[in-house]
Amino acid sequence: MAALMTDDRDIGGPAQPLLSVKNVVRHFPLGNKGLPFLKDARNVVRAVDNISFDVLKGETLGVVGESGCGKSTMARLMMQLLQQDSGELIFDGETVGSRALPLREFRRQVQMVFQDSFSSLNPRMTIEDSVAFGATVHGVSPKDAIARGRDLLARVGLDPIRFAGRYPHELSGGQRQRVNIARALALGPRLVILDEAVSALDKSVEAQVLNLLADLKAEFGLTYVFISHDLNVVRYISDRLVVMYLGEIVEIGTAEDVFAHALHPYTRALLNSMPSVDPTRRTSVAPLFGDPPNPIDPPSGCRFHTRCPQAQDVCSKRGPAVSTVGGGQVTCLEYEPDSGYVPISIAAAQELA
Amino acid sequence: MLSYLLRRALYALPIMLGVAFLCFMLVHIAPGDPLVSILPPDASADLQKQLMELYGFNRPLPVQFFSWVWRALHGDLGTSIATGRPVAGEVIKAVGNTMMIAALATLIGFAFGALFGFVAGYMRGSWIDRAASLVSVTGVSVPHYWLGMVLVIVFSVKLMWLPATGAGPDGSDDWHWDWAHFQYLVLPAVTMSFIPMGIIARTVRALVADTLSQEFMVGLRARGLSEFALFRHVLKNCAPTALAVMGLQLGYLLGGSILIETVFSWPGTGFLLNAAIFQRDLPLLQGTILVLALFFVILNLLVDILQTVFDPRIERG
Amino acid sequence: MTTTITTTGDTAKPLATPLRSRGHGANVLRRLVRNPQAMLGATVILILLIMAVAAPLLMPADPFAASMFNRLKPIGTPGYLLGTDELGRDMLSRLILGARLSLFMGVTPVLLAFGIGGAIGIMAGYAGGVLNALVMRTIDVLYAFPSVLLAIALSGALGTGIGNALVSLTVVFIPQIARIAESVTTQVRRSDFVDAARASGASALTIVRVHVLGNVIGPIFVFSTSLISVSMILASGLSFLGLGVTPPNPEWGLMLNTLRTAIYVQPWLAALPGVFIFATSIAFNVLSDGLRAAMEIK
């Protein structure tokens, strides 16, 4: 936190969110090879549909959801590797892409670590060249960039003498991911997005990398967005949590709150599906049934109603709005007064949990 | 799937239009007056003008193009400047002749190529594999018109088993399915067959080796399937691609037969093309190239469609 | 797996030189050299190069000196080691000199097409979208012709001569190379490391130069080398038909043409130039195959 306070790029102070995602929408039209003018308006993958959330300074924001919920698309939108169809990003008070914060400048402040450690490194470049590249783009001389690169490699736990001149295929998965982290830090960003960054690693390696991430966060005053499908990891590392389903956000809250008493039925089901070694917490019935529906043709009304254990008629007719509950927010008709949803008792809810 | 096939066929139309355009432009990029070959050097200006109007060379190019395409769609490819006969008729007859040697060549090439390829793929790394590799490299590297010459030397000049040139005794054009005529077919077809043989051998070898190394083969063998049954599996997996390659080779041979037909004086499209070029017979040249190129496009389209229908792995829609 | 974290409290101190691994190119070369067939092919090509370059020194006689008395002398005639052609010129000398033109016609169109087609393909592949569709569909029209037909049609239209033949052949090869280039570039474009490079704010040109080029040049180059033999055969084929190289220049294909009628008199002599074409073609193909094999393994 101390490092954060003294960051001289900080504009709005600790209260202002570092990154604000506002009403971002991104759809993908389904392919039609070679004839781009023959678009089919119906056949669109609604990957990210009107999501809004904030990333607070100095926090680790976890993002969870099943495959196909739009997490990775959202990550790429946050990095502006994809352009959103509508909506905007606001970084420390400035709109991204505006004259006050052009895209190139934004890129120095936000970086990403990808899931596949191998494909995120150029197989023809040495490790140190890969790490140094970003800096050279922004005017740093090659010699300085290489020196800075080697410095960072050391910081992430890779001895430069042994590793700097090597190629990606000569390193293990964990080592490569460390390189990717070093590469992400080379530009000195304030926000780092980790898209399933540890998912492909062996458990022991995963623990080491997570500890490394924690150390780096403290040392450099970073803010993390940590995307994962592994709830245990997310619980360990996150301050706050965002839960996504089929392109929408269904719940936001502190990690403690969400894991203790989740608000949204989907979150509850997700948490219940974590296998537990505690014999008193055995689940005999699968908390979630069926396959996730198709993002091309999402269910009407509330998207979760087809698999929700407490769905009512009104859920298929009316899409819920965002409701603020306690310190977090949830998107479920249950919490909306005057929505037509008949609230079930708290006891009944806990029975299902 | 029907919509995919329809879209694929539709997609071929702009290609065909482009091909037609290119054919048309080919003769017009030639330096010099298109009429220079038929006009005697001392022709009067009047005669020049007359002929220009007759052939339509004085109209603006887009007009010429569209009227040419329009007539072609109705089967009229113009009249040959050299012979005075309609181009379409000449081309059709020539296509028939070329098709004979091309089809035979493709069949021979496919048969032997597949054989070599299979053997090589099964016995990967052995001397048989190397020998088959050699055959396929040879097939791909040999200048086929030279090979034709060599075969003529061996079989016509030295051994005198087969005739050297022509399509029939005494240079006649009529075809009959008897040995007297068939013997003229042998050398050109065999010569031509080396090209597809080499390519198909190479393709089949790679396919077979690849299929054999796949995990599902291990699974099948573990379940006790006989080698023959496994062989049928390999066959089923390789067939679509191999047949596709064969189809493409046929198309290639149809279009590229000119060199061999020149060596053997075989009266096919290549021979016609040769004559058209040297006599600067523009309508004949345009017509022949157009027919050959379109044949190739349509053949590619057919191969594409058949492959989609028969290979379940290709995505549709 | 290292666990030592070197404390870099003093970042002004330059670190010692790190170990350097052998680069990709060096690995490929190493593997290529160990391939006996490929090396055989390379040797043949080297011999031909020497023939072409040192022709004036190697030729026993004047390749243009015609003599009606010495027409079609057989192979092994004293003074004319490989016999004489239909105009009485020494075959050996003409074959040696012919290496120049034939090699030139084989390599040059491919080189030009590599540059032009490669650039087109990489640009279209990286740009994607409408630009890609436009460029590639145009290329498809050219690709829709069988190469022999296109080469002959273009040559026929442009006329005889080396320059025209070069143009036709280059045009024949550009679509093929462009296609491969586009396909490979599109694949690389989708990789995460390209995204990472975009994420660091680099311009498209920088990304192509630093990241894409190194990864796509290999496959494009290998494919292009496989076209050299095709180019040689096509070029000699054009000369064989009377397009392309004109007499009295010695070019192997042209020699085959002019010697055609001699197959009844001196058959093996007439076939001789083709042997050279064949040998060169195999050599290039074997080398190209070796190169492909060397690049495939990581």
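Order of writing sets the chain letters: A, B and C. Residues in each chain are counted from 1.
In this text, a residue touches a chain if its C-beta (ideal position, glycine included) is under 8 Å from a C-beta of that chain, and two chains touch if they have at least 3 such contacts.
Here's who's who by UniProt: A = Glutathione import ATP-binding protein GsiA; B = Dipeptide transport system permease protein DppB; C = Dipeptide transport system permease protein DppC.
This one's a predicted model, so the numbers in the text were calculated from it and none came from an experiment.
The minimal number of chain-to-chain contact steps leading from subunit B to subunit C is 1. Greatest Cα centroid separation from subunit C: this falls to A.
A summary of chain positions shows that the Cα centroid lying nearest the centre of all protein Cα atoms is that of chain C. Taking each chain's centre as the mean of its C-alpha atoms, subunit B lies 24 Å from subunit C. Per-chain Cα centroids separate subunit A from subunit C by 49 Å. Averaged Cα coordinates give subunit A a centre that lies 56 Å from the centre of subunit B. Subunit C has residues 137 in contact with two or more other chains.
Contact of a single residue of subunit A with at least two other chains is seen at positions 34-35. Considering their complex, residues 137-138, 140-142, 144-149, 152-154, 156-159, 229, 233, 236-237, 240-243, 253, 256, 260, 263-264, 267-268, 270-271, 273-274, 277-278, 281-282, 284-286, 289 of subunit C touch subunit B. Within the complex formed with subunit A, the subunit C residues making contact are 1-6, 8, 11, 14-21, 23-24, 129-130, 133, 136-137, 191-193, 195-202, 206, 210-211, 214-215, 298.
For subunit B in complex with subunit C, the touching residues are 14-15, 18-19, 21-23, 26-27, 29-31, 137-138, 140-143, 145-147, 149-150, 152-153, 157-158, 251-252, 254-256, 258-259, 262-263, 273-274, 276-278, 285, 289, 292-293, 296-297, 300.
Against subunit C, the residues of subunit A that register as touching in their complex are 34-36, 76, 79, 81, 103-104, 107-108, 111-112, 114, 116, 119-126, 128, 130, 133-134, 137-138, 147, 150-151, 154-155, 157-167, 169-170, 172, 174-175, 180, 183, 187, 205.
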